[in-house]
Amino acid sequence: MRDLIEKLTPRYTLGNATYQRADLTFVDVTRDELRALLLELRDKEGFTHLVLLTAVDWIEEGKFQLTYMINNREADQTLGLRLYIDRNDAEGDTIHDIWPTAATYQRELREMFGIAFPGSPRVDEEFILEGWTDMPPYRRDFDTLAYSQQTYVEREGRETHDPRATMKHKMYPEG
Amino acid sequence: MTFEWIHIAYAALTLFIVINYGMIMTALVRKIGARVGGRYGIPIWQNYIDLAKNIALRSKITHGVMYYLGPVFRLTGGVGLLLFVPTIYGSVMFQNFSYAGDLILALYFVFFGTLGMALGAGESGHPHSAIGVSRGLAQVTAAELPLALGVYAISLQYQTLNITEIVAAQQGSIFNWTLFTNPLTTIAAMFAFVGTMMRSPFDVVLAPQEIPIGPPTEYHSAYLALMQTNRVLFPVAKVVIYMNLFFGGATNWAEFAIKVFAIYMVSVLIGVVYPRFRVEQSIRFFLKWGLPVGILAILTV
Amino acid sequence: MKDLDKNFKKDTETEFPLREEMRPRKVTTPDGQVIDIDPLADYFCQEAPKVHRKSYSAIVEGFYNWARANSLWILGFGTGCGAIEMRPLMTPRFDAYRYGIQWRPTPRQANLLVISGYLSVKTLKRAIRAYEQMPQPKFVVGLGSCTINGGMYWDSYNTIKKLDEYLPVDLYIAGCMPRPEALLAGFMELKKIIRKGEAEGANKYAENFDWYKANQKSVIKDWDMPDYSW
Amino acid sequence: MVSAIFIIAAGLGAAFLLGLLKEDQKASAFAITVAALGFMSWVAYDWAVALTTGRAAPVDILTAGAEPPFAINLRMGVAEAWLATVIGVTGLVSAFYLRPALMRLGRRAMAVLLVMTMALTGLVLTRDIFNLFVFFELVVIATGGLVLLSDDERAVAAGFKYLVVSQIISLLLLIGIIFTYHANGSLNIDDIAATPMMFTGAGLAIFLVLIALMLELKPFPANGWALDIYEAAHPGFAAIFSAASGTAALYAADKIFAAAGPDWLPLATVLGLLSFLGSGVLALKQTNDRRLLGYSSIGQIGFVLAVVGQRDILGESYLYIAGGILITHAVAKAGLYWLSGLVKGRGLDDWAVLRANPLLVFAFASFVAMLVGLPPFPGFYAKWDLMHALAGSDRLVVLGLILLGALIEAGYMFRWFGYALKREVREAFPGFATDKTAVVLVALAAGWALGFVWGAASANPNLLTALPILFALAFLVLEPLPAWAKNILAIAGLVGWFVWRYPGYDPLQMIFAVVMILGGAVILLASFYEKGRRIGFYPPTMLMYAGLALLIEAQTSFEFFAAWEVLTIGSYFLILRGRMGEPHALSYILFSLGGAFAILAGFAVASMGVQPFALDNLKALAEAAVPSAPWVFVLLAVGFMTKTASIGLHIWLPGAHAEAETDVSPMVSGILLKAGLFGLFILLMNMGHQHLWGVDLTEVLVWIGALSAFLGALMAIFQEDAKRLLAYSSISQLGYALFGLALMNHVGWLLAMMFVINHYIYKSMLFLAVGGVYKRTHTKLMYKMGGLITLMPFTFVSVLVGIIAMSGVPPLSGFGGRWLFYNAIMASDLRLPMVLIFMSGPIAFLYLFRLIHTIFLGQLKDEHRRLKEAPFWLVVPQMIFVLALLAFAVLPGMALQKVDGYIGSFFGDEPLIWSGRAITSTFGHWNPVAIMGVIGVVFVTVLALLLWMNHNAQKVKQFNIVFSAERPFKPQTTHFAWNFFAPYRKAMGFLVMPLVTTFWGAITDSLHSTADFTRRFYTGNGQTYAVQVLFFVVATYLIAMGGAS
């Protein structure tokens, strides 16, 4: 894996390589090189499978991290490409033409994070949520508890226990 | 024979006996199935309770006239089929209205209920109903074929279309039954029997999880009650025909009860062993196995 | 414990637009005439549900209730993870059939709607439809703590926390998940309620129809169906 | 009586006179021309009438005061007189038609026209071969001159090519004449006849004369030069060239053939047939109207030449037959050329402009019918007699080839007619020239008049005096009336005819008469729906009914065949009226004519040339076990089965029935198909079992019936188009009827009878119902409809009753058919075909359910929400049919008991016992009243029960369904309708591959590619044409002489 990263480094701006496991590596990429890199990895390096495409909300840095996780079946290698995009103007480039399954991931990201992928098929249609009008719920500034309390009626008398304290009390009543 | 008013009472009595018999028998069959599977099974009177429950439902809907008439057609088909066939051989009381027509009448009247039901289900506007009807009709066309050939073969064998005469010819010894005098024909007809009893492997028409039980998807309350009644009555009426044609008929109610049960169990036994066919598979099955047997039957009579 | 953002205010301004297929439209007939179609009025029955009285005779009603209790037809609609606990009921170990309990695939033929676990808003919509399409009298059983108070989904942005706000529940079976034995016990309890003639949830629903509808619509923002799904 | 020499003299004299006129006196020149032509025509006509009526005897006109062979003599006989009349009148009328061109070119052109006419008359009259040569040269030169009348620049080239080739022909003729004179010592035709020349020695001489004259007839394939003339010349002249020149040249050839003796006749036969078939095939590919007419002319002349080849067996009827064909051709072809002058464009579909004037459409139709030899024109009578003569002398190959040629000709003529009626008019239409129109109408009138004359002269009845046909033709005159008035008249006519005739009918005729005549009247009730005048509907409709009425009463084979042709023509025009009817009408007429020709051949063979041939004589034929009897059976059965659309001959039906108008579909389906059954009844009743190569032909019919029933039903279930579904169902239903008939037992026939009644009722009803739905929804595709039950309740009821009856479910009448069917097969020894029938029964159930479900049940569409019930007048007959079905279900005995007895008189048995309302057979019993009673009581009881329990049901709307807890959002996607029986297609779809369609398609394709290939010889090069002619002569010589030695 290191070889691959080293081989690609002269031509691509790759940063911050993390060798998580023997078969799992993460590396930062830039948006303008993403497409070329993905194509090269798919067609030349045998990373034929898009495992997932997901996002992380780095609200403090004002960024979304898109993670393209791709897999080389023959070499049993997984490579995660991290791409940071601006959180306020969240827009990614669609890769549904490279992996058709990406369209589904992109629809999900559009709905849950509000990241736009212009050109992706059916990206603006409802995906999981129905009739959702609030902000995308996976954004970290969306407070699900507050939303839940403001939306759904609660039953009176519900108690909440700290699991740690409760279990300790139950299992060792004497202390 | 001509019509007398007392026939109506006789017919009502036949109907009463057969419906109750059917209620108990179908419950019993389910219970047997449960016991084989290691379960206790439903109470033997469960059919009655379900019937009462359905009649007791308070809110009903209707999709239109044909929807309303569908179950009526269905039950009329079942009752009519029973009444056009003599139930007990040699009994004046249980000849029913068999003077209205012969075997052919019974053969074609089977479709009366099917047609009405299909129309009613169609008017409900539910696509699953239509899909179920499409499957059911497609399958039954192939399934009925061996029966048609079988009927033709035994009418040739006995040189009559009159059911009573066919039963009469089988009296005397068990070896006079068509089952033994003409086994090929019986086998051919039993293909059709198994194929039209709505049991596995030929029950894709109902397919509960795929097209929620097909044609009757929209039916409920008293509509469903009528159809339930038919569902216990119609198979018995159909078995009666098979019994009369191939298994020597019945000369008393006890014989009737045993034979109907035994014949009915054929489809049950096959059903618990074999998994479900798709429609085109069952069509091919009947063309590949049922049809040749049927052809052999008519050629060897 | 989770921190609560005091400043978070849910968006109550934005209306969800009526879906396109439900909007009134103009259509040209084969004769060239232009006609108006209002899908909601044209394609759906607009009647409100009715309150159905019991039989005049107490004996008849008693018999009916006995039949209803001994012929419980459950709608085979698994709304949440609890559906998995229903399956063993059909097996030799528990064999619910001996109590007259059966599963039906269509709401038209079912009397008992078992809400088997958490109910997301999206599923709630379907559950309401299924419930309304069942013929009266009909019963609702809530399965597991999620239906009672939200359970582990107490802070979910998308799951209701109190089922009886939206549907008239006859019985709750507690647990997460309740085991099949608990289910059986629950059904036996339900039978008793029915026998006593107290399982009148459907009438309650019809009587308090506006209240139920208001609750339902407060969580289902894209209400694009008739008020009562016949 | 003016001497015939004055015809020649007048022509020459007037031409001479024209030379004296000044160049600018065009009007007087034209007057002189017309006067001369009129005089010539009048003299010829005067002679013709006198000779025909026997007021005068044929005369020889001697010139130069000496007897032949020392001087030239002209003869005026019946044939000569009539042909001269044709030539004269054609010239005269053409002069009017050519007036603008003649006025432009002046007196010289007029003189040439006169010389042309004179020379053609001379060709006909002369009895001297050298004189023949002289007239022939005159014709050639005149032709060369007249071709230049055209505006077409190609005309000059065409004329030049013509002259080149003509000189070769002249040379051959001249050499032939010299040789003949050398061998014979005389140039007089009668002298030559006196000393017949065999193939030896002098044979070459007479061969050269004959071949030259035949070349003048432009035989296929040595005729490229002539086609250029047809194509390029002025239509007025082309009319002369085709009608008059062809006629004269043919008569000239005929004279020489008569003289040369019977040994030379096969040459005429072979070359004639070759021309007829070859130019027919080539004509298929033509896109230019005049060139197509040219090919047709050559074909027709070839046909007559072939008839000339049969003169040895035709005897006295030779003139009647050959003359009939020749004159019909002359009139029709002249008429068509004149018509072509009215049409600006030269493409076949440019003739669509004719629709601006219905009278011209009628003329076009009449001319086409004349050419194809349909009644009531002379060609029809002539063909009938010719076929009988051929069959009488065992010339079956010639018979077959002539019929084949006629069929090909019908193919391209009717295709063309279809274009004219159905294709779009491409350019703005300026209006027709009145004088030219008048000329066309003269030809039209002449055609009909000739039809009357030939009919009167025929040994068989004159069709134009048959009351039903006259009644139908009267509607031509009544066309200006509004449709409702004509409809009342039509219904009154049908009912009146039935009331008048029915006392004389036997039960079989009675049933068919009720279905066809009264049934027709009921269906006509639906026609009240149509507004306006509905031009062109009633004449063909009534013609069809006239044919049916006559068919029922036909006693002799001629009456039968004539009625058959009449109903075919009528129904063709009816089917052609449909919106997309053009290709289907064409395949209908081709299959029908093919079938009709098979019938013609069958009757001809059966009668062995003896006329009149009573239909009952078929029985004698069968009893005498004549070797040809099975063949007669096959021919007739094939003919009838094209009408019943049995499998293999069915491909015309679906389109024809589906694309027809709303009230026409039930007519052609419910009624017309029964004509085929009627024929089969007659055939089987008289001929019974026939064996061919040890095979019982009725068993073959049983198989065909069973296959039709099965495959028809199978194809029906895969149709998306409601009318096509019903059409395929007709194939299936008639398969049942054919099956029943062919079982050849009492109950089987009764079964067929029952199907005749039942199929009429429910198929008419269903077609009307579907037609009504089409009127409202403007579509025939079932999946585009749905949920119409509440909007069109009456229509729904009729479809419901219709499908219950048709599927054979008790208690309606279809069950009776099934019951009879079982009794019939029990009495038969055949077993295997039953399997197919058993299969088709339930399959019928499939398509019927689909019909009612996808149209009336399921989901109503947005655009159909405000539909109204079908028009009142479409519903009325349907309700009548519903009542009739119910009545027939309860009381089948009313209709069947008499027929049962009648059929019993054929088989001598009584298998059915009718006691009260119950029917008992050898095997079983059937009590319709009891069945109806039991079902009724049970049904009402159950319904009452349900009403008691569910009377308070809430009425809901179409989307209130349990859609897996979803909400339906679009009726289109919620309506399960398209490819309704998908599993069936998976399992059995391979059985409905369009094998038959592919087969017939391959036949037409190969004909077309043959035409394409042959067309390469027609290069348009004069030298090539000249060489072709020489090759043709040499080849013919070698073959003819080789065959003789």
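Note that the chains are named A, B, C and D in the order they appear, and that numbering of residues resets to 1 at the start of each chain.
The working rule: a contact is a pair of C-beta atoms (placed from the backbone, for glycine too) under 8 Å apart; a residue touches a chain by one contact, two chains touch by 3 or more.
The shown structure was predicted, so the numbers you read here are calculated from the model rather than taken from an experiment.
Here the largest set of C-beta contact pairs joins the chains B-D. The chain occupying the central position, as judged from C-alpha centroids, is D. One simple way to say how far apart two chains are is to compare their mean CA positions; for chain A and chain D this gives 77 Å.
We define each chain's centre as the mean of its Cα atoms; on that basis chain A and chain C are separated by 35 Å.
Averaged C-alpha coordinates put the centre of chain C at 71 Å from the centre of chain D. Measuring from the averaged C-alpha position of chain A to that of chain B gives a distance of 59 Å.
Within chain B, contacts with two or more other chains are made by residues 59-61, 212, 217-218, 221.
In chain D, the residues that touch at least two other chains are 954-956, 958-960, 962.
Pairs of chains that satisfy the touch definition comprise A-C, B-C, B-D, C-D. Residues 787, 789-790, 800, 803-804, 807-810, 815, 818-819, 822-823, 825-826, 831-832, 834-835, 838-839, 841-843, 845-846, 849, 852-853, 857-859, 918, 921, 923-927, 930-931, 933-935, 938-939, 942-943, 945-946, 949-950, 952-956, 958-964, 974-977, 980-984, 986-988 of chain D are the ones that touch chain B when the two sit in their complex. Against chain D, in their complex, chain B makes its touches with residues 3, 55, 59-66, 68-69, 71-73, 75-76, 79-80, 83-84, 97, 99-105, 108-109, 111-112, 115, 118-119, 122-127, 130-131, 133-135, 137-142, 144-145, 148-149, 152, 155-156, 159-162, 212, 217-218, 221-223, 225-226, 278-280, 283-284, 287, 291, 294-295, 298-299.
On the chain C side of its complex with chain A, the touching residues are 1-2, 4-6, 8-11, 14-16, 121-122, 125, 148-150, 154-162, 165, 215, 218-223.
Across the interface of their complex, chain C is touched by residues 128-135, 137, 142-155, 158, 160, 162 of chain A. Interface of chain C with chain B (complex): residues 45, 49-50, 52, 63-64, 67-68, 70-71, 73, 76, 91-92, 95, 97-98, 100, 104-106, 108-109, 111, 135-137, 202, 230.
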